[in-house]
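Shared between the two complexes below is chain A, which pairs with chain B and chain C, respectively.
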Partner chain A sequence: MANRSLQLTLNGNAAEPVDIPDDLLMIDYLHEYKNLTGSRLGCGQGICHACVVIVDNPDGTSEEVRTCITGAHYFAGKRVRTIEGHATRDDEGKVTQLNPIQQRFVDEFAFQCSYCAPGFVNAATVLVEKLQRQPVAKSQLEKVVEDSLGHHICRCTGYVRYFSATRNVLTELGLVREG
Partner chain B sequence: MSNRDMSRRSFLQGSVVAGVTVTLIPLSNQAFAALKEESVTMPSEQWLGTNGKARSRNDALSKVCGGKVFARDIRAKDMPGWPEQQGHAMLLKITKADHIYAGMDLSWLGAELQPDRIVTAEDLANDGIAFPQDHGPDPLLPVGQVPMFIGHPVAILIWNDFECFRQAKAKLKFNDKAIRYGAKAELYQTDPYGSFRYVRVGGATSADEDEFASLKDSILFPMLRNRRPVWDSQPDLHGDLTERGLYYAGRIKQQIDAPPDNWLVFDERYKTPSIEPAALEPDNGNGWYDTVSKTLHFVVATQCPLEAATETAKMIAPSRFALNNLKIHPGYTVGYGSKDHNIFVYYAALAALYGAGVPVRLANDRYEQFQSGIKRHPFDIRYQLAVDKTDYSFKIFRAEMSVDGGGRANYSSSVAAVGATAAQSIYYMPQNDLQVTAYHSRGVEAGSMRGYGTLQSMASTEMMVDEIADRLGIDAIVLRKKNAMVSGTKNTQGAIPAGALRLHEILDKAAVHEVWKNRHALKQQREAQDPYHWHGVGFAICQKDFGTGSEAPMASVEFTADGHISLRHIGIEIGTGMSTSQALVVADFLGSPASEVTTGETQWDELQLTTGGNPYTMSQAEQNNFLLDPRWVGKLASASSASNSAYYFSHATREAARVLFNHGLWPAALHIWSQGPYGGQANPYVVRREDANWVDGQLTANGMQPLSFAQLAKHAHDLGLITGATVHGFNRWSWAESEFEIGKTRVRLPLDGLAVKYGDGAASEKQAQMNSAGFHLLDRKTVHYPDVQLNNAAVTYYSPVATLVEVKVNKGTGEVQVLNHHSWIECGRVLVEELVKGQLEGGVAMGIGHALMEEMPLYEGGPGEGDWNFNRYRLPMARHVAVWKQTSEILPPLSRSDPAKGIAEVVMIPVVGAIGNAVAHAIGKRVRDLPLTSTRIKEALNG
Partner chain C sequence: MKYPLLRIAMAVGLAGSSALALAETQVERGEYLTRAADCMACHTAKGGAPYAGGLPIDSPFGTIYGTNITPSKEHGIGLYNDDEFFAALNEGKRRDGANLYPAMPYTSYHRVTREDADAIHAYLKTVEPIERAAPETSLSFPFNVRPGIIAWNLMYGDGVPLESPEGKSQAWQRGQYMVDVLGHCGECHTPRGMAGAMQADKRMMGGVLNGYLAPSLLARDLADRGWSHEDLSSFLKLGMSDQGTMFNEMYPVFHNSTQYLADDDLNAIATFLLGDQPPEARVLNEVPLDQVSSSAQRGRQQYLNVCAGCHAPGGEGKPHIAVAMRGNTTLRLDDPRNLLRVIEDGIGEQKFTGFERMQPMPGFADKLDQQALTDLLNYLRQTWGGKDSDLVLADVQALQEEASPE
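== the complex of A and B ==
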């Protein structure tokens, strides 16, 4: 298998270039080459979405991408955020502030085992960023949450707290308009 | 018997197993040191609200930041002292169960991708590996034999680096080329895993003496012949226990076969599917065998770390590897039972052992998890229930259950027994004959999965009762109320459930719920509005046991002179929030929760415990003899399973904290309050311990000056009072009790092991007594163990849940959609409301999956062939569970002294029956085989 060098930006920092096989999946790159194991392997088929990361596009938009079915080289030159990159940390690496979605998930006991939590955090974070550009009408609030999180699988929680926490944080952040 | 290890015998003396020193180190203390994080859990000031309630889970921060929480997240480079090189392994499996295994051929992988090591059955035999008998025989199939099941492993393949592993595995996946098949052969056969019969003939009322019952007399055990249970004994009223039991069973059958005119006899069959637990963390382990020090370092995902450690040590001890030390690191995990008593642990340990000094990781992908992960047992049930048509009372309940345990013995035997003893659901049955047998098959191994047989039996019972109400033409909740147990009535084994039964409270609430009251009008109204769907409402209720009949929780609580409280606990965090709730339980007696929690702790040298015999099957004489040893306990430690954290784990935590209060904080407080002339401020008043109260974190009693915990902790230390307590408890549907001498006081406690620590100011003779791993080990002065006969009770602890569901059924496709649901739950004292509701919400979702969508072929075409994943196995998504509309109600406890009851399993059961009943209400036909797929619904409509 041919190797190629991969360069990308991971959680705001330029990742050290590394020669990796053409067919290496992004999740394996994160786990085995970068020791970032928070993006979790659930199915390997792109169904459960436990493995998603956020790609920040040049136009200022962001999107979820499934790393268990996407080659690492797809991310060449891209800006990628993983679950490990959301919180603000001090010099010792201790968390000093969570992003609003993380905080609300914590406050509402949204997850149990948490294996799927990184995927839900990323999906909801992408939603927040989308609505920051274009707030959602109140009448569409629940639907937009369903559309954004509804493809993620959780086996522990029954989804209730992930959904309500996301709905609540969108309202708190002023991303819901009348209508 | 509600017994999780009926055939197991385990022993462990101190921390030396079969000559191997075993050390269990919580992952958090090791891996996270390397990752600059101190622990998975936060100190209490970060998660505790000012009201004394949890603001969040104490593991929330690590989990929401994608920290290395799971064993699966750990790589060699994360572990201090390990080599950085990370090897990887996989299990090679044979997928045709009707052919002889003739060996393997990996030559087609090419030279570059050949495994660095291949471990076969021959290697295990030559190297003296003593694989755990409970998971045998043939962990790796020897050449020349027919597989026991589809997916039987034949070899462990190990690569020293990830790239070779990855590329080789990609070629081996979905590819039978590596297996050489020999001649076609008869399928492997073996005897049933277990067979039981529970017969009870009650007296005129429940309060009257039973004529025959499992508790009073005996469970009945058949002979096994030609792979089937047979009854050689002849019924005889005056014979031995089996003959008497068969006499009564025969009498029951005669009555139900020739019922009086006023009886309705219901007689139908129910079938339930094989279910994939689908714990999102697949099975995994990562180990390094240090060939120099002969130490196996082992990170593993398990719900039973002590069992994993004990059996791993025993497995390797006699081998050529000359193991000296086993250092095992259990991670936080998730399993819904599937990581309890799991063979995968030992494959992972072997992979590490054969790593030749390279750490080796064995971690299933999802296909492999489907292929070999433990499944929920499918049940085939015949129920007969005789009902008096005049007063609607249940008369006789008969059950014949067949349980498919898959290809390797796991907990099938006890799952079958627990399923049978739960079959009554919430109803008093004056007479019952419940027969159940768990069989071997060529399917994937089934074992402990959430529900443990009770989901299968109780959901069926609830559908049966609803159908009987239809046949009788009465309201289904009225019929339930007529027959629901009340406090003090006997179960089908003749045992009386613990405490108050509040089933009628729940039924009363359900009966007046708007959706239930108006269900027929709602149906008409909705169907008029939506001509493309049928609408239905269904209700079900059940009560499920928590615990196993052999629970052994351990906990240790200590406080320092500066008021820092730490808790060590045997329990492992499996997502339920036990690390949070146990930290809070400490506050009952110490006024503040534990600020530091260590879960999965199994280093309890201070208690010097020994165990032996099988707590489920030993005779009374055997138990009495064991109890002559003051260190013997009926079981060393519980797994995290069987909904056991809220009640059993809390018991140990509370008792440890209670010892600290009674013998540390309270005397310290009295000492402070009594300072000064004539006994100080305490003298004018009468001060009693039973009046002690923690108010805003300060202790007061009978008007005494409030004292902070920090103040008391320091004073207790200065006085050399008790500042640490490690406890062990044993429960066989009742707690073992012992008398201990604490200071000059003899106390009787619901414990069978106790060690204490004295404060910093303790006199030298007290300091000298702390010679058992830093504790003073107290001898039991007397001990009273629950009688072994209580094993036949099978269950005495219950939690009830009821669920009301609205569904619609597409007239064209037959597809069912859950529109809404409401549940009632009674769990005694609520430790953390959000955690209870979270369990309920998650359980209901899992129940919806069981009822409507989850199933797999058992054998050929099923998951054993290695090509199943979430594309073929439908899990409930948010859109399936009425995510915005569902509601629930937790019944308030009777008083503050109610025990907290286990609810992790019961929450998912009533929704299954309720959906079945709602679909019947919608379509006017009964579908008794689960899941209720569109195909089955259309068959029912057309049949």
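== the complex of A and C ==
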């Protein structure tokens, strides 16, 4: 395997270019080279979605990408957010405030063991950003949450609370319109 | 108890009589033949009651709906007698004398024996009658007028002439009946002309259907794509083999039809397709990276970026997850459209015989631009597909435009 230099933006900061194997998976790059261990390796085959990160596209949209089946070099030049990038931190890097989704998941006891939580937080974040561009009608809320979170697997089966907390946070953020 | 007819027969005290034994045998044979003829494919809507019709079939002449062939007297074929059923199967004639649209493959079923047609009819009489009309079909010329279909039938109704069975083995002859007649494989694998009829001079040479290629089934082409007799028959039985899995239109064919075929018939099919003296299946070795084109070399990074997570960096695939690229038959097709379509569209989760599963493959239409796709196709085809020339961007562009003309 040859090495190849990788440069990308991680959580708003340009990551220092590093020579990594050309077939290194993104999750291994995050864990082993960047010490960002919050993205979880679950199934390792693209099913459970515990490993997803957010990619910010140049057109202003954002999307989830599975890091356990996607090579690190796919992300070359891209803007990537991981679970570590959501909360507000002080100058020493300590978390001072969770983002609204994280806070709501905590408040509503949405997760139990938390292994799948980073994936669910990222999926809900992508959904919030999508609805910020175009709010959803109340009648469609249930479906939109199902479509956005439904492919994430929670082995503690905490789906009901994840889904309900997400519906509540979307409503709280004013992203649900009458209709 | 499986068969309502049998239940009725037993209720009136016929159990054990020779008439019943005959009926049971005929219905069982009919069930098998109905599977082999894959009637379900068109006559059952997605998630619908078996044989109740309603499946939309897109054609260049409009959308055709599979009809209700349950024994419903009002909406199905409950009033058909054996003669009328035989005429529908063999000549595309409805009970009222009207012509069926040639989406009904009577051009292939034309040669179904009377005995087999009666058995199929006997079986269909035992399925649950569904009292529901299938949606009406309306087509453009020439199929929207009766004389149009009559003229079409005069020209094309007999189907493609069969190869002479002279000097061929019993297995070959049985295989011909399974493939060319009951299985009506040519309806997709033989290209169609302007009038929508199979082109007699291009028998089994491969046709395009809904943007995918139903590849050539000629013996030399199958062998060139790596198919041996054993692999071909087990592929039909299991839906998967070293060469890959059934996907697109063949996936339901496997589910509704080929997985139920007896080993003798599977062997007969392989014998017919590859011939009594089958050509040697071509074995390909992986071509090293320094011997492929520069586009293919760039394509390797695309492969590592978005494919290798499941198909493995060395192309060996992962059991129950993703097929191998090494030895994959789709990579060996001259026409790259199936490979392109699969990469762009993905494949849903697949279930196979004996609890086997393959997990869903995502589509990459929004992840790979035309150059990346071109490079990736070149990498796959040159490394594991035995191809030695490059596709260019315009090739990919043309295939994409063909798939979505607007």
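Quick note on the criterion: the second predicted complex is superposed on the first by the 178 of 179 C-alpha atoms of A that agree within 3 Å, B and C clash if a C-alpha of one lies under 4 Å from a C-alpha of the other, contacts with A are read in each partner's own complex, and residues count from 1 in each chain.
Simple rule for what comes next: a contact is a pair of C-beta atoms (placed from the backbone, for glycine too) under 8 Å apart; a residue touches a chain by one contact, two chains touch by 3 or more.
Fair warning: this is a prediction, and the values are worked out from it, not measured in the lab.
Peer 1: Fit or clash for chain B plus chain C once both are placed on chain A?
Peer 2: Aligned on chain A, chain B and chain C fit with no clash.
Peer 1: Touching A:47 in the superposition: chain B (first), chain C (second), both, neither?
Peer 2: both
Peer 1: With the two structures laid over each other on chain A, which partner does A:37 touch: chain B (first), chain C (second), both, or neither?
Peer 2: Touch partner of A:37: chain B, not chain C.
Peer 1: Residues of chain A touched: more by chain B or chain C?
Peer 2: B
Peer 1: After the superposition on A, what does A:74 contact: first (chain B), second (chain C), both or neither?
Peer 2: second
Peer 1: Per the contact definition in the header, classify A:22: touching chain B only (first), chain C only (second), both, or neither.
Peer 2: In the superposed model, A:22 contacts chain C only, not chain B.
Peer 1: Put chain A at the vertex: what angle do the Cα centres of chain B and chain C make there, to the nearest 10 degrees?
Peer 2: It works out to roughly 90 degrees.
Peer 1: In the superposed model, how near does chain B get to chain C, counting Cα atoms only, in Å?
Peer 2: The answer for the closest chain B-chain C C-alpha pair is 5 Å.
Peer 1: Per the definitions at the top, what is the overlap between the chain A residues touching chain B and those touching chain C?
Peer 2: After superposing on chain A, chain A residues 1, 45, 47 contact both chain B and chain C.
Peer 1: Considering the complex alone, what residue numbers of chain C touch chain A?
Peer 2: Within the complex, chain C touches chain A at residues 300-301, 304-306, 308-310, 313, 318, 321, 359, 362.
Peer 1: With touch defined as at the start, can you tell me which chain B residues reach chain A in the complex?
Peer 2: Against chain A, chain B makes touches at 36-37, 55-57, 59-61, 63-70, 72-73, 75, 77-78, 86, 162-163, 166-167, 277-282, 332-334, 336, 365-367, 574-577, 834-835, 838-839, 841-846, 869-871, 875, 877-879, 881, 883-884, 886.
Peer 1: So in the complex, the part of chain A that touches chain B is made up of which residues?
Peer 2: Checking each residue of chain A against chain B gives 1, 21, 24, 28, 31-32, 35-45, 47-48, 50, 82-84, 86-87, 92-95, 98, 102, 105-109, 111-118, 121, 142, 146, 149-161, 163.
Peer 1: Which part of chain A faces chain C closely enough to touch in the complex?
Peer 2: Answer in residue numbers: 1, 4, 22-23, 25, 45-47, 68-71, 73-74.
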